[in-house]
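You will see subunit A twice below: alongside subunit B first, and alongside subunit C after that.
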Partner chain A sequence: MVKVTYIAADGTTTTVEGEAFSNVMQTALDNDVAGIVGECGGSMMCATCHCYVDEAWQGKTGARNDGEDDMLDCAAGEVKPNSRLSCQITLTPDLDGLVVHLPEAQY
Partner chain B sequence: MPLAPVNDSVGIDALTLDPYPIYRQMRATTPVVRVTSVGRTFLTKAAYTKMVKDDPETFSSDDPNTPMKPAFQAHTLMRKDGAEHRRERMAMQMAYTPKVIKQNWADIYRELTDRYLDSLPRGETVDLFGALCGPVAADILTQILGLGDADADTMQRWSQQLIDGAGNFGWRPEPFAVSDRANAEMNAHFDSLIDYHKANPNASAFAIMLNAKDPIPKSQIYANLKIAIGGGINEPRDALATLIYGLLTNPDQLEEVKRQEAWGQTFEEGVRWVAPIQASSRLVKEDCQIGGFDIPKGDTVMTIQASANRDEDVFENGEDFVVFRDKNPHQAFGSGPHHCAGAHVARRTVGEIMLPALFERFPHMTMPDPQAVKWRGFGFRGPINLPVTLN
Partner chain C sequence: MDRIVIIGAGQGGLQAAISLRQEGYTGALTLIGGEAGLPYQRPPLSKAYLKSGDAAALRLRPESFYDKNAVELVTETWVDRIDRAGRVVHAGDRSFAYDHLILATGTRNLRPPIPGAERCLDLRTLADAQTLRTVLDSPKRCAVIGGGFIGLEFAAVARGLGHDVTVAEAAPRLMARVVSPEISSYFKDLHKRLGTVLHLGDPAAEVTGAGMVLKSGTEVAADIVLMAAGVVPNAELAGEAGLEVNNGVVVNDRLLTADPDISALGDCAVFPDPTTGRPVRLESVQAATDHARLIAKRLIKGEDMPYAAVPWFWSDQADAKLQIAGLAAPGDATHRRADGAIFRFADARLSAVETVNNARTHMQARKALAGPDVSRAALAAVDYDFAALA
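Moving on, here comes the complex of A and B:
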């Protein structure tokens, strides 16, 4: 299992255990974490799974995937350098302890 | 495993009139069922519909042999998969983003909505379906797409003619003759706008597609515009009509919605309760199993999101309109690669602009006879009339 902490825009912090090689969006949905919608199921077509990777983790989550930039432009929240679509972050074991911040709204 | 059971008794007329009791029954007894009259395998549980839409390799949209092709005179992105679909879709997606709507269009939409509200007679009973829902949705789409002076009546007519052609599964010649004429009109209209959009780059879908660094072919630009016309008017129209009905027949909820300004939540509940797009088809590419039944390659499954949205496994009191739900993970916009491209637009325009503007303008409006409202549709659904007394 891989630990992920979600920090909502209002500061609410939720830590859950995700399955290895699941992704950050699906893990939020599986654990009822509010603030991520993930309406397209991870197909990179909805931009309702936007998150900001905590600065301490940016090096580990790596670069955005092909096409992710364009879809991020479709997100409701402000896009920052640490913005990612959480469905595109695979929970590899070295992400154990990952912290992501959530935007105020996903649509 | 066995093949899914067969249902010989349910017909298209019953599904068009009121599918919900039928779906409830199916969810309880035959959640995977081959419906003879429609020639499709119906999937009525939320888990199945989502699984199918999220797996485009097994359940493909790529079916060039539907009436959609002659109706649109093109193999459109709706019926493509993979990289080709993504490229054509992303070519216009920027026009449909929350930021573009906010920055470029929100004020124009407010004005358009106000203009229609201004024309409505206070104190009288008016059919809002025809007087408001359809025309506002059409005018807003004209702006989003960059279709110049195309008026609401023309846009609605084109839209309906495309839809009628695409739904012509009996392959009769007349609906195609009508959609051919509409295509000719649309092509001529699009042709007349190209120079303008090239000379004046703007945030409309047409201009964005034309002025892209690496534009898709003109034929696909036109096909995309037609898909947006075919799929971008009736859905917001039906969503708005459904929302008005839901609120006016639940006055307690309406009061609370106004108090909390919970228009966004109301929107989500409206499209969950009666999804404007109720069902979609997918072609099965390899032998597989769903819910304990063999689904053979070559079969066509139908995801019934209308039913998924009322699935007892996901929703409490799913048959009822309940704005203040804890969670509302509906599938009204689908899932997977074909997740509705207009979802953000619909949420902004219908949920944030039209609905609150209407209830602000006529805070005491009532629905004199809810029984008089007629609902229709199997593939697409909504009220077809909406008599409301404006006050």
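Moving on, here comes the complex of A and C:
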């Protein structure tokens, strides 16, 4: 299992155990974390899974995937350098402890 | 309101349950579905699932969700009658009383009245997809009736897995009901390149033990025949209960039927298109989930808002990601931008944008369509570049 902490825009913090090689979007839905919608099921079609990777973790989550920029460009929340589509972040074992921040709205 | 019952545990029915709880509903919540197992998403059935066979990846929420959120999930149970006067629905010998009822019954595959249609396979449910996967475990000749999204997505995957594929479509072009001629022809070239044989303007007239026979007399030898010729909305329940049905359950711009205690959403619902007012029925994840959210807000927060979401849709065929923002009528005019993006116009108003592998333009179009009408003249003045629109 891989621990992930989600910090909502209002500061609500939820830490859950995700399955290794699941992704940050699916793990939020599986654990009832509000603030991520994931409408397209991770097909990179909806941008309702926007998150901000905590600065301490940016090195480990790596760069955006192909096509992510274009979708993020029109995400509902403000797009920052650490913006990612959470469905594109795979929970590799080295991400144990990952912290992500959530935007105020997803659509 | 103490008892909400949802009929249909698909994409929209489950979203209604999720949204009702998110909006703060604390009463009893029952989600009744005819299928077995936990609610799942259908889009991957004709895409990733056909390749991977990973059924667990399809489920929309884990089992724990239903307990945690006090959603009573009743599976393998078909509702057969709505008693509006008594505000109760019946499923065999079980009954469920409601204060508000949400119809989320979706659609089922259309079976055109051609001889031998009963021999065909379908692709609508997880069970259908599992059957297809089993059949495709060795090289097969596949015939597909219908050149719409599902038939073509299946064709692309089947070719990718090395099967022979022939598609028969009644209309003169692919996906004719929903995309521009330009996009139809792009996908015609794509499928030909993949090695799929296409018969356009030549519907299947008969299905036999040896394959299918087209209207022109052409015989297509096949081991399996997939029926992908459209769907029928599951609206009989509503009709038998005296609610208006016209290509689906008719609702107003609040997604309410004529009975103030019954809403309808998703694939089974016919609602007024927010832009034109004409009655439409959409078959998309977007419509099912946006409908569900609006209904939950109305029921729990008392927000009396008309439905106004911009429609959007996607389809994956081989390496082509088709995305559609907005809703064009079949006769809408077309402008092709140099990069291939297609702009559709109802008179002077932008009605839809169709793109292939161009997520940026798709997202820009969704944003633009959510605002005031965008005119053709304004777009032409900036070379159809949304970023330059004032």
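Heads up, the rule we're going with is that the second predicted complex is superposed on the first by the 107 of 107 C-alpha atoms of A that agree within 3 Å, B and C clash if a C-alpha of one lies under 4 Å from a C-alpha of the other, contacts with A are read in each partner's own complex, and residues count from 1 in each chain.
One rule holds for everything that comes next: contacts are C-beta pairs under 8 Å (C-beta built on N, C-alpha and C of every residue); 3 or more make two chains touch, one makes a residue touch a chain.
Keep in mind it's a predicted model, so treat the numbers as computed, not measured.
Student: Superpose on subunit A as described above, then tell me if subunit B and subunit C fit or clash.
Tutor: Once both complexes are aligned on subunit A, subunit B and subunit C clash.
Student: Is A:73 contacted by the first partner subunit B, the second partner subunit C, both or neither?
Tutor: Once the two structures are laid over each other on A, A:73 reaches both partners.
Student: After superposition on the shared chain, which partner residues are touched by A:30: those of subunit B (first), subunit C (second), both, or neither?
Tutor: In the superposition, A:30 touches subunit C alone.
Student: Which residues would you name on subunit A as touching subunit B in one complex and subunit C in the other?
Tutor: Shared contact residues on subunit A: 32, 39-41, 43, 45, 47, 67, 70-71, 73-74.
Student: Over in the complex, which subunit C residues touch subunit A? Could you list them?
Tutor: Result: residues 22, 41, 43-44, 60-62, 65, 68-69, 285-286, 289, 314, 316, 321, 323, 358-360, 363-364, 366-367 of subunit C touch subunit A.
Student: Please output the residues of subunit A touching subunit C within their complex, sorted ascending.
Tutor: 29-30, 32, 34, 39-41, 43-45, 47, 67, 70-71, 73-74
Student: Flag every residue of subunit B that touches subunit A in the complex, lowest number first.
Tutor: It comes out as residues 50, 53-54, 56, 86, 89-90, 93-94, 96-99, 327, 333-339, 341, 343-344, 347.
Student: Which residues, counting only subunit A, touch subunit B once they are in their complex?
Tutor: 32, 39-43, 45-47, 67, 70-71, 73-76, 107
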